[in-house]
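First chain A sits with chain B, and in the next complex the same chain sits with chain C.
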Partner chain A sequence: MGTKYILSKGELHRQDNSLNFKNSNGNNYIPIEGIDEIYCLDEVSFNTKVIDFLSKNNIILHLFNHYEGYSGTFYPREKYMSGKAVIKQVEAFNEKRELIAKAIVLGIANNIHEVLYHYYRHGKEELKEFLDWLKDEMPKKLENSNDISEILLTEADIWYRFYNSFSVFLREDFVFNKRVKRPPDNPLNALISFGNTILYTKTMGQIYQTHLDQRISFLHSPQERRFSLSLDLSEVFKPVIVFKTIFDCVNNRKLSVEKHFDKNLNYCLLNESGKKIFLEALESKFNETFKHTTLLRNVSYLKAIKYDGYKLLKYILEDFEFNPFSLKEKK
Partner chain B sequence: MGKNYNYIFLFYDVGEKRVNKVFKICKKYLSHHQKSVFRGAIIPANIIKIEDELNKVIDQNYDFINIIKLYGTYNFEEKIIGTNKKDGESIFL
Partner chain C sequence: MNNITGTIINYYIHCKRQCYLHYHRINLEDESGLVKIGKALHERHNTEEIEIDNIKLDKIKGEFVTEIKKSDADFNASRFQLLFYLKKLKEKGVIKKGRLTFLEKNKVDKKNHEILLDDSSEKELEDIISEIKILVSNSTPPAIEKNNKCKKCAYYAFCYI
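Let's look at the complex of A and B:
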């Protein structure tokens, strides 16, 4: 149901069958029944008693280092285990990997198109070329590629062109020339990296609630030493959740380079108040609901991630067509 | 079938001996709002659970607990005067 972000130093305790986070402000009681995830973005001490208790209540604990880098997740014992699903997932990887990867890449393109179309409609004519490419050329190119490396190349191309289009509609002080990771070197790169990390971990939490195996992914190669399925499923949500939030925060002047970034580190890290603003915006995006066209009820973006997991499962087990989330599912 | 209440306010006035017991139960499900007031989003199943647990510890002839059930945060308006030093419902700690 909820998420707590720990942004201060302190100790996490198990107390009276609930949680208590002690910091300089005193006791902060966290209702155990009301939360699904805890993010530790600062130094937090805890003991095995807490870990055991979290595991019993199926709460996921995400740990980050001081520099917003993701260090790991405490992932309680699998609640939903299905040998059948794992076998089918591996089979799907061997036989239908390209099909699933293509569906995901097409999903990314569709969502980027939807997001950017808003700016095109509001007079940013320069975007037309990119939008046309997304609609016409890109799907053809994708159709003809049979190899996973070709599909990945097309994906990289989409992101590259997407990043290049930022200069058209973003405020000047945030415009960047190149996507840089590990570490990000300017405010916008920092926002993208941080936002993506939060999205990955949120996706992980949603996959945890399905029978899917986190390690077997389709677009990304599963050999990587991490839960790569969350990278796959979060891909189509990046433009919808992370980038829309960033554009909103930047263009509506909620975040500014001087005020919300750490000057000592060359503006490549959010400071405390910046983190709060950005996380709050992200969180409200995750909880934003829309009327789903097929489910005919209100669904939040966070749950839409879980439903994408279900869709994938349905495709793997019953050969139902897999179409990842598209903004067009919104009514 | 009962209605789908997803948000509650809980006020309690109980004998000194049982204050801690009630507090313990409440903080498991809800966030602390004021001295003897808890509130927060909660699923209908947990509303039944918290009622059961409270029923077990209180003295039916002496204590008083009031639960106001709402559909969500969108159907009431609130005004705060003065400062609330601790916001139990904040997503940041």
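Let's look at the complex of A and C:
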């Protein structure tokens, strides 16, 4: 399991049986053993030789523009294919879409609860009302939702209340009161957008190793994006991976508004050193391991994403109950 | 029986669930590293791997077809896999004996075993093949057989999560 982030402008070449990234500082060899994915976060040029080489080595390539905007992914030829799994996944979409969507929304709520409970225990009593709502009222509301649009409304409500709770425990200069996505207009929005995109692309890499079809999603509409199943499966990990990392970077002063962001009248983005710090923090969260309650093995958060793919696969193949990742799976 | 392979026969005896999943091409990434060892082993020992129809034979030499396995963990599964190859050859008019070689022996008494396709083993094999056909035509996979062998199985995380 390995991820290589390229943060500067340059050229990527194939060199013998490896890769070489040339930038203004010279040659940077990238040994490909143990690399599963490469992120290009600035303008990088390469040719089809590189693409062919990546494909042969089963490496995924994620491309971004200079402004943290996700442009797309080069995906090696599908290595796993099961006609049976695809047919069953479509059936599940037709027959059980709402059930799966509800399970995901409940999963988001559980993980947000778990993350915020930490602050509540440390004296942030203002959070109580939201925590109670997550545990009692919200599940009832979800239970009574009959179609996908009602489920999506409840989901939006959870995130809205979650963002509103930040002022209780987050360092003041980072607090915001509205969520603007494209382009982000303040540092916190910039972190959320960038973090969620990294999580989304990482999830694509994990789903690639399962038999699920990336296009058939349940909570999000399958037309939304080409790989909308990644949007679905990444949701419950947002509080656990993206937000926990952000809270840690902000409250422990690893990131500062002055030093790590470029600001413009209309938008705000991480600068190169900000990106580096944030990506390192995210990466160590993905790699953090815990002992899993049923597997009795050490599992990283990244693997936990793949295992949610397995759970969904088991649900569509043989009707095992689908409960997305919960922090309670930690032993 | 064209889509039945030696691996499927082997898996059927080892674990019916593994057989079903593999038959339907649900091949999950192995995390234990055992498959890699198996592959490396094949690369080292089988310069003469031969492919007939959709079966891969480790080695044919003289009157013997040899199948090499890392360990004797599931002797019977390996035995039927080899019997299946012998039967395939017999259908082509090639009569061979089988030799099963284990690089590591823990359970059985010796490394090399002679395996013969006689009337009774052929009948057993035919029964297994009919059972497999019924198994894979079911709409859902058979239940998890919680067992010690699971720990080394590529489907471990899938079954136990």
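Convention: the second predicted complex is superposed on the first by the 325 of 331 C-alpha atoms of A that agree within 3 Å, B and C clash if a C-alpha of one lies under 4 Å from a C-alpha of the other, contacts with A are read in each partner's own complex, and residues count from 1 in each chain.
The criterion applied here is as follows: a contact is a pair of C-beta atoms (placed from the backbone, for glycine too) under 8 Å apart; a residue touches a chain by one contact, two chains touch by 3 or more.
These figures come from a predicted structure and were not determined experimentally.
Enquirer: Taking chain A as the common reference for superposition, should the pair chain B and chain C be classed as clashing or as fitting?
Expert: fit
Enquirer: Is it chain B or chain C that touches the larger share of residues in chain A?
Expert: B
Enquirer: Taking the superposition as given, does A:Val257 touch the first partner, chain B, the second, chain C, both, or neither?
Expert: Neither partner.
Enquirer: Examine A:Ile51 and indicate which partner it touches, taking first as chain B and second as chain C; both and neither are also allowed.
Expert: After superposing on A, A:Ile51 lies clear of both chain B and chain C.
Enquirer: Return first, second, both or neither, reflecting whether A:Thr210 touches chain B, chain C, both chains, or no partner chain.
Expert: Touch status of A:Thr210: second partner only.
Enquirer: On the chain A superposition, what angle, as a multiple of 10 degrees, is formed at chain A by the C-alpha centres of chain B and chain C?
Expert: 60
Enquirer: Give one of first, second, both or neither to describe whether A:Val90 is in contact with chain B, with chain C, with both, or with none.
Expert: Neither chain B nor chain C is touched by A:Val90.
Enquirer: Touching A:Leu63 in the superposition: chain B (first), chain C (second), both, neither?
Expert: Once the two structures are laid over each other on A, A:Leu63 reaches no partner at all.
Enquirer: Of the two partner chains, chain B (first) and chain C (second), which one does A:Leu170 touch, if any: first, second, both, or neither?
Expert: So A:Leu170 meets neither chain B nor chain C here.
Enquirer: Would you check which partner chain A:Leu7 touches, where first means chain B only, second means chain C only, and both and neither mean what they say?
Expert: first
Enquirer: On the overlay, how many Å separate the closest CA atoms of chain B and chain C?
Expert: The answer is 6 Å, the least C-alpha separation in the overlay.
Enquirer: Looking at chain A, which of its residues have contacts with both chain B and chain C?
Expert: Shared contact residues on chain A (touching chain B in one complex, chain C in the other): none at all.
Enquirer: What residues of chain C sit close enough to touch chain A in their complex?
Expert: 24-29, 140-141, 156-158, 160-161
Enquirer: Can you check the complex and tell me which residues of chain B touch chain A?
Expert: 24, 27-32, 40-43, 46, 86, 88, 91-93
Enquirer: Which residues of chain A touch chain B in their complex?
Expert: Residues 1-8, 10, 16-18, 21, 23, 25-26, 28-34, 276, 279-280, 283 of chain A touch chain B in their complex.
Enquirer: Can you tell me which positions in chain A touch chain C when the two form their complex?
Expert: 80-85, 209-211, 294-295, 307, 310-311, 313-314, 317-319
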